[in-house]
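Which chain is which? They are A, B, C and D, in the order written, and residues in each are numbered from 1.
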């Protein structure tokens, strides 16, 4: 096995290029690796295509910072707080510039990434019939089911292969093997579909810990390009077993980014003026500690003994 | 939640009908619920269509006993011992009667069941191009990828929805919620695709045990119709954490069923003359004990605490 | 003597009544998830709640949720898995009903959560479908929850994110959609239901304290009246007890 | 002084040489799984072994396997999952090579594991594809392992379960197959490889102790000779040491 521990700054610099299509958290509202969002903004990437079923505040920040030209997904906003102001400014007024939206529904985006992961050229679904989404997203094709006599329309969703996937995992070893639990959305499909995978691990553990439970592995370690040790990388989103959600942080962002100036100030304070995630955690200070999970509600063990 | 504990005899009698398509273990070579095979034979079902990627000795027994008219799968035989004698007699000589074989490869059967599970009318794959399998299985259609200019052939695999799925799980509660670990083949897709699900649990545990780890659940308990408590239901196949493989049993079957008379004697001794699985275990006696896993190689815990 | 309840509490209880026992329901967040909790405690103890991120629950979460992925919704779940497994149940025809909201709904129950003012240069870019388009297409039936305002209940939505009966009649069936379409639209003033061969939404029940004239005034199309028009039944004390058990902090009061 | 080795040991070591470092390999059972173990211990320490049931391993199992699903193959695995995840890696183009066997192979590397004597009333019904057809179609390259007998190496297989170069030339590419096709056929007498624009299998190396005449005699078509024909290199002592470390009980001796 190859050691893959890397500084996040270095991982982002060496594995991401301008114009890449990027999955940055695909579990929906938990395990969003905001630490990677910050790093993409600090390094000033441009022309990114952000792919996610639910694009939360992370995508809104990338839009506002001018990193993102395109959004491929089913929903963009601020889940607990409302609309995404940068998203609206970009799509409605071209501030800071126009952003193209490739509309999907959750299920059809899931199928696109499933197809990308497992080499299927396209997937035929019965969703989105009658919806105008296939009109706004010309990648989708409405056609007839060749197995049925008479009319039986289906929507064909072509496979989608992201360039890079960033994922938050509860624990990983230095070789990129990781454990994840709780709902995972499209984590598995989107990262297997991706050309490169960067894991942000809340904790680095000995390889024996991961190897003790290969069914807890959601994406195979041998496909991972870099593993970065970033505690609370997902703040303010939750990570099951590690951190709860900092709801106020989402609301403050929503309130403070109503106008471009407010966003400029916010991004300066929380991203641009901060060198790395350690400094971000230091800035959060005691605030972060209130979201740390200290209780125990442990899983019953599974036995893999051979005799 | 509804209590679903049921005697296997009753579950089979009330949930299976002649002519049904049946998944009886879909994890390939582990977790094959042989106890259900025996019960199907004892109750004298006919016209069954057995669906599995790898059909091991279980399917061979059902063919020899005259229960099975059709096989839908990728491989039939006796994995560690060689060919399946009843399978060969049925397909080559019509003994006890002809069996129709619907040829798939592992991946395309997987896609058929994935489609059945998740409501996709068909799946387009790049496998089986150039193979004669689409000629022997007219359900498969070779067509052109509508997203590509010029020729780009794909194989369309229509969705497959079994009537009943039997599955071995390490532990379940009385409401049908279960834990499974180790490789699972097509367990998840085939049972979600099936109209009815019967779980054979090696151990019945309190609901709190299953609820302690919802990510260890492979198929949702609310879809399960019956849960039957049958220790070693999978003998002679292995069940991770519970039982190792009784290799000799596979070899003995292979040796003793070379001719129809041998099979008749074998099935009488091990199935027809035995009332139920408890009696089967009693007959195995000390032999079974040598396959019981007594060691411990336990998984690292996962924490689901909320604060 | 009538019980004391808020409009939102009535909407929650009306929503709960749409859930039958043993059903699998996409419960969404906020009002519908509370409705699911009430249904479980009253007439539907075996209903199962599904969440798009990959969660199925027998019981509502114990604790406040800001998103469906929060820890209390995962602890003790029946199943935590991926989006494809859960949304796939919907696509596989295994989901009985789903709740969705929206910015606009029209007289055939089509819902817009995407664009106001054109696709190319929208006046307002809404968040988009999320799972709503899938739920509307493939759930056996659909329950919409809306504020009853003239600019929200419109003659024809300008963009169909989530299909209802499309142009009405059998248009939905002809389009190949597997689910049966909207069965109820629950607003803060009334409940509308499709009626007759056109499947147009009709005024079905009026919430206590509201009038037919007020409702027609606040509907953006010429709303027809169902032949069996009645008043939305008030919450029973059992329903209110259940709701108070779920909504301990009185968020919806 | 030459080492003492059996024909099967030579085949295992020849197979191991086909595995490159960092590759992902469908290793199958028996001879190829042992070859994978040897490769890991010699020149390919970072090769990953994949098993169709849903297992990926960095190291070969510690203990005798009768099937790929046996407990020793699951304990300490890199990943245990479903068939779709693992076979999907293949379909997704992420698998470098796979090993398969068969009842018959023809001069273009097509393999039959299905029917002898027709589909309708076969003389022999073989077990079928399992994952072999998928591996042959979608693995970046394919290594076949066969006993070198005239009735097994035939002019044309009567049923193509696992596609090689089909009718030769660019037929495989025209059929739309993603993988490049067979790169080696390792028999108990020799190694054949595709050569030239026809992609016909040519005699590439002859195992020590065997003759060209004997090999031609035991091949069911007019086997052509590769221009760089040589002898299969004997196992090195490092290779034999690795093999003995894997095959502790001398099963292959």
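The definition used in the following text is that a contact is a pair of C-beta atoms (placed from the backbone, for glycine too) under 8 Å apart; a residue touches a chain by one contact, two chains touch by 3 or more.
This one's a predicted model, so the numbers in the text were calculated from it and none came from an experiment.
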Chain at maximum distance from subunit D, centres defined as averaged CA atoms: C
Selected pair, greater C-beta contact count between B-D and A-D: B-D
Geometric centre distance via CA averages, subunit C-subunit B, whole Å: 39
Between subunit A and subunit C, centroid-to-centroid distance (C-alpha), Å: 28
Of all residues in subunit D, the ones touching two or more other chains: 55, 71, 74-75, 80-81, 84, 88, 90-91, 138, 178
Contacts with two or more other chains, residues of subunit A listed in rising order: 111, 119-120, 125-126, 152, 154, 181-182, 188, 215, 240, 244, 293, 297, 304-307
Category of the chain touch graph - line, ring, star, complete, other: other
Every chain pair in contact, whichever chains are involved: A-B, A-C, A-D, B-C, B-D
Residue ranges of subunit B touching subunit A (in the complex, touch as defined): 111, 119-126, 141, 143, 145-148, 152, 154, 156, 158, 170, 179, 181-182, 205, 209-210, 212-213, 215-216, 240-242, 244, 293-307
Touch list for subunit D against partner subunit A, complex: 24, 46, 48, 55-56, 58, 63, 71-72, 74-81, 84-85, 88-94, 138, 178
Complex contact set, residues of subunit D against subunit B: 51-55, 66-71, 74-75, 80-84, 87-88, 90-91, 114-115, 119, 121-134, 136-138, 159-163, 166, 171-172, 174-178
Contacting residues of subunit B [partner subunit C, same complex]: 1-2, 116-120, 177, 188, 192-193, 211, 214-215, 217, 220-223, 304-307
Subunit B to subunit D touching residues, read off their complex: 27-31, 53-54, 73-77, 79-80, 83-84, 87-88, 91-92, 101, 103-108, 110-111, 114, 125-133, 135-136, 151-154, 181-189, 238, 240, 244-245, 247, 250, 293, 297
